[in-house]
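One structure below.
Chain IDs A, B and C follow the sequence of writing; residue 1 opens each chain.
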Amino acid sequence: MVRISRYILVLTAIIGSAVALPNLYWTIMEKPVNSPYVMYSIIDKGYMIQRSTPAIVRQDTKGNSYTREEYEKKLPMMFYMQLASSGTMPDSINGVEMDMHALRKARSTYRYQPKVRDSPQPGLYPLFESESGRVNLEMPNDFFRIQDWMVFIDAKSNSVDEAKSNLFTAVLTKRGFEFPARIIAGLPTTRKSCDEGYLVSDAKEQLFHLKMVKGKPYVKKVALPDNLSFKWIECVDFSNKLYYAYLISAANEVYVLFQDTYELLKLPVTGFNPDVDELKIYGDFFNYNVIIDGESYLKNITLDNKFNKVDEYAEKWETKYQRTEGKIFGAIFPFELSLKSDNSRYIDFRIKYSENFYWILLSLLFVGAEIYWIKRMKNGIMDHLADLLIIAVTGIFGFIAVNIFQNKFFK
Amino acid sequence: MSNVIECNNLTHYYGKKMVYENLNIHVREGSILGLLGKNGAGKTTTINILNGFLQPRSGECLIYNENTQHLTPKTKARIGFLIEGHVQYAFMNIHQIEKFYAGFYPNWKREPYWELMKKLKVLPTQKISSMSCGQRSQVALGLILAQDPDLLILDDFSMGLDPGYRRLFIDYLREYAKAANKTIFTTSHIIQDMERLIDDVLIMDYNRVLAQKPVKEFMTTFKQFNFELLNADLELKKEKFIVNLEKVKNQIELYTYDSEEVVLNYLASNGIGYTNFRKVEMTLEDAFIGLTGKY
Amino acid sequence: MWKSILYKEWLKLRWIILISTALGIMAVGSLFLNVQHDFLFMGAMTYWYNTLFLGVQYFHLLKYVPLVIGIAIGVAQYFPETVNKRIKLSFHLPINENKILLLMMLCGTTTLLVSFGSMFLLFWGLSAHFFPQEIVYGAIVSVTPWFLSGFVIYFFISLIVMEPVWKYWILYGLIGYAFIGLYLEPSTTGGYEPVVLKFALLTVLLSLSSLFSAYRFRKGEM
């Protein structure tokens, strides 16, 4: 019983130190790894790269350096406000006259983060009246959930609005909706230009557009090609009102869903892993810069404003584990344990094994030290076999653990 | 008569500092053994080993033929234990503590406990922590009497007791032990009054046992002779028969297990001039100091 | 015999049970007084919205309450056992030493269960009164590790208080600090979902910790 109690404490110490020590190491040793900022220049028909470590450098892909002003001129779609104020905005680009209003309207920014997807979802959403006749959107008095049926819950009384729930459920059912909903995507805020309701993926992975028009349900089933299903949908509210949402398919393809026509278009984006990569889509008058931003790589896939691929730029760099401080880390620690992840908002035990095997040397050294100590204390090796095994496998963590919770028992 | 306590070849160190080596202790059933020694001589170490709170470097102690590190509950029920300083659950009052202990011992005897408590003049709700040292000693003693164990292990029971309480404690204990054939193992660094209690004595000094025998035998064989040297500057050689020798100017105190004759022969054969040679009657305390030295 | 042990633990714990449970219930009550106040001033809809979409945690004040109660009960129960090494008295009772320790641990754990249980039920009930199941679920998932941390610190206190060598108090304390920190890692509401059961399992395992240091005490480590 006491031995069991000791091994539990040893486990506790291993867990505690496997979180705390690597954390301490990185706090002291970690150096910033800044990914470059890469944008397509409509002037050069090539990429402009800005790096911020150690000092800010602005270059093109041929290695020419630029001043800040020169750099901004190469990216007029991005810095049009700055260029306009300093009077250096060209009158026309590619033979197209530059209209500030049109430029502004064409601008869009979207950012996908893995942790936003891998996080607890609200489950309850406000359904706005999309044609209220008012200028501003108003927060309704209830939230809906779509489980066995579509339920509206009045916040003030914390109770179900049966009539409204039945009405919406009936229409959903009639349109072929299979309860419950898998994904409910929308913009649950009053701070948007207008309301387009929600895109809902049902239990059979069918896609529906759901909104409320003058108190009545509007449900439209979106025609999907065979075997296309989505793992993530994010609605957007861009000035050009071109499309409702970006959608990520089960096969990690990126789609847009056009407004009104409900046409789905697959963007020519490859190599995107939504579990670990960020995705940024910057739209402007001429192009879309689709940027896949991973831990150790970046890819800019540039599309024209009809979503055809124009050019591509890719770059790789070392992760922190591949750099000197990471190699030292791997030689000291056989693994690290953390509860948090950059790619998730869930707390869980996440184990990351060392990328090299030098830690085995250190483990053996610790095993040797322990054997020396056991001999000095005139104890039997056999009584400490499990401890030695623990040290061999968990290295420094095990060594600390078995020596804090000492293996001393009556003979 | 069988041995209740049997410690064989007990050896213990604190780090590199030796406490003792190959110590053997035997306590006969029905006897009262006093383990006497100065502070730091190893009394508490021995008590801790006996109670299973210390693993000796080597050797073992048996109580009722069970290793003291793994006493069964049944054997533990036969042992009454008084911790140094009469430590008890001081957050209880005398009613609560009696109720608590009564649950553990099927042969619990309330009467001797309450008999002692009646003499105490404490409030029924008074916590033990607010009692005087003497009163606490009576509570601890009362609990042991109520437990009615076969073996009593008392660690320095005299500590902090004024003479009246000490005398009371000892007399009560001796009468109780002898009437019911109890075995007692006790330590003390206050020797006064111990003669009234113990049958056998075990005197320890740093790293060694100086004497282990019945008190009566010890008191008759261990002797003190005083005399005055004619030449105050003379340094006496410490012969084998001399256990201890204290010299202040020309005053000599000589302690030995040998007879008066041996001492006189020694003085004569070495041509040592002396006057006023006399045998001194000792108390146990005198003998203890004589044996262990004043320092 | 177990009745006597229960009696002793009761004498040590009776006031602290009352005080800590009362404080715990007051803490929960005050949370919902705030909720009620804010419902009145900003409206239920806005409050729900802030909770669902802006990450407002109406229960965040509860975070360290179980920890404090765990410390209080651990100290109240184990500290009186170690003053003057009184634990020797317990080990001298005619019961197996580990059995006594486990009984003591069960008494403390039951106390915590009563105290935390009443807080938890009240929290659940009042949450369900004010909020829909989605918010209630997220809140329960979020506060569960905090309640578990109260048990963990209680077990660590039993470990540390019984340890005979003071240098190890610091080492055990460091391990406890690192380990309990895991239970209190800041997170979005409901973010603990994958780990709650694992935490619960580790907490149950840690209930045996006092056996280890008490054994060291019995063996005379110094």
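Everything below uses one rule, namely that a contact is a pair of C-beta atoms (placed from the backbone, for glycine too) under 8 Å apart; a residue touches a chain by one contact, two chains touch by 3 or more.
Everything numeric in this text was worked out from a predicted model, so none of it was measured.
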item	value
Chain located farthest away, centre of subunit A as origin (C-alpha)	B
Chain nearest the overall Cα centroid	C
CA centroid of subunit A to CA centroid of subunit C, Å	35
Between subunit A and subunit B, centroid-to-centroid distance (C-alpha), Å	76
Computed distance of Cα centres, subunit C from subunit B, in Å	47
Numbers and ranges of subunit C residues touching at least 2 other chains	219
Overlap residues in subunit A, where contacts from two or more other chains coincide	410
Multi-partner residues of subunit B (each touching 2 or more other chains)	55, 69
Interface residues, subunit C side, partner subunit A - complex	43-49, 52-53, 98, 129-132, 134-135, 138, 141, 159, 168, 171-172, 175-176, 178-179, 181-182, 185, 187-195, 198, 202, 205-206, 208-212, 215-216, 219, 221
Complex contacts: residues of subunit A adjacent to subunit C	1-2, 4-6, 8-9, 11-13, 15-17, 19-20, 119-120, 122-124, 126, 139-143, 145, 153, 155-156, 158, 188-189, 339-340, 345-349, 404-406, 408-410
Subunit B to subunit C touching residues, read off their complex	14, 48, 51-55, 69, 73-74, 76-77, 79, 81, 83, 85, 87-92, 96, 99-105
Residue ranges of subunit C touching subunit B (in the complex, touch as defined)	1, 3-4, 7-8, 11-12, 80, 83-86, 88-89, 91-96, 217-220, 222
